[in-house]
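Naming follows writing order (A, B and C), and every chain is counted from residue 1.
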């Protein structure tokens, strides 16, 4: 296990407006405010969702879209560093008009209807994403203990 | 985008007891403690769920109920101000005895079996919900930047 | 309702590695660092999931497994005390390759592919889990108000 210790920094609430891109808006906020380490949660509704599922065998993302309105019932993620820049990683659970559950890794292309985000800044050395051979993903590199 | 900056305040854990109303109990706690800005998360189990799905076209809530016990696998939300009073907004992902996902906007009428809540108070100017023409919802009004 | 008030303590990010046990790794971290009160969230992917659904009538856990890879779209929980030791309670929403929602109470036996965890330590008197007659569960005992 790799672990990283922080002091709690400022907390931000964001309201993302209709027709904005969910992923890009949170990502842009982190970049503009120079946020290099944070945890993220969000809820609300989207007009459609652009999602990914990682195939653990082929080590490729399978991209798919849900082309109708959805409630965002629970979104979580974080901001850390990739190639020296703030990088946002978010997943979310969605539900449709019948109350059925959907979701995945949230990609650019998810169009907001109304979204409320909480960003908890983390004060300390930001974890850095590096290529991980065991998974094929970019994961946080060495730290304590 | 509208954004609001806070310092982290006290954090509360709540245990909500059997037969209580999930929405009303968290809401009552915020009112009694004078909490005007907070983020909320919760998990546990409910006896039944009273949920809503917002129809983005007709701009009306479609209310529905799930009339059997459910695990609450991830609930998220916030407290901000509406009409000068603390207002709770929560969504949740639920699962049934077959492990299938359900969920939506959580309404009064969701009956607790056992629920554990985390409330993170936010110190700073509480966002105020105002009518938003683009969505038909009450959303946070102007702030920085 | 039982409520417990804390000051925000240190926040940890954990990266749990491939083939580790999701429940046991977070639990072990809490024990090693002497964390007796915390809130937890996580996301990522697992190779399989060992889940539980609590039957509210018979008061028994029904254990079940999902024997294929899943995205973890939103995991939440907490650490408090049971029998004098840190005890981890986590639930999670998962999705499969078709984007369908699953989930439940997360048990030992859930095998990690890649998981990222946030642990927010709570400074104050840790809640203690005691047998609760109304539910048959171990729930937090008396505190204010």
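Criterion: contacts are C-beta pairs under 8 Å (C-beta built on N, C-alpha and C of every residue); 3 or more make two chains touch, one makes a residue touch a chain.
Just so you know, these numbers come straight off a predicted model, no measurement behind them.
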Steps needed, at minimum, to go from chain B to chain C via contacts: 1
Fitting chain A to chain B on CA atoms, where both chains share a sequence, rotation angle to nearest 5 degrees: 120
Same or different contact residues where chain C meets its copy chain A, judged by the half mark: different
Geometric centre distance via CA averages, chain C-chain A, whole Å: 20
Junction residues of chain B, two or more chains touched: 8, 41, 73-76, 93, 95, 100-103, 120
Complex contacts: residues of chain C adjacent to chain B: 1-8, 37, 39, 41, 51, 53-57, 62, 64, 66, 73-78, 80, 89-93, 95, 100-105, 120, 122, 127, 132, 134-135, 137, 139-140
Touching residues on chain B, where the partner in the complex is chain C: 8-18, 20, 25, 29, 41-45, 47, 69, 71-76, 93, 95-97, 99-103, 113-114, 116, 118, 120
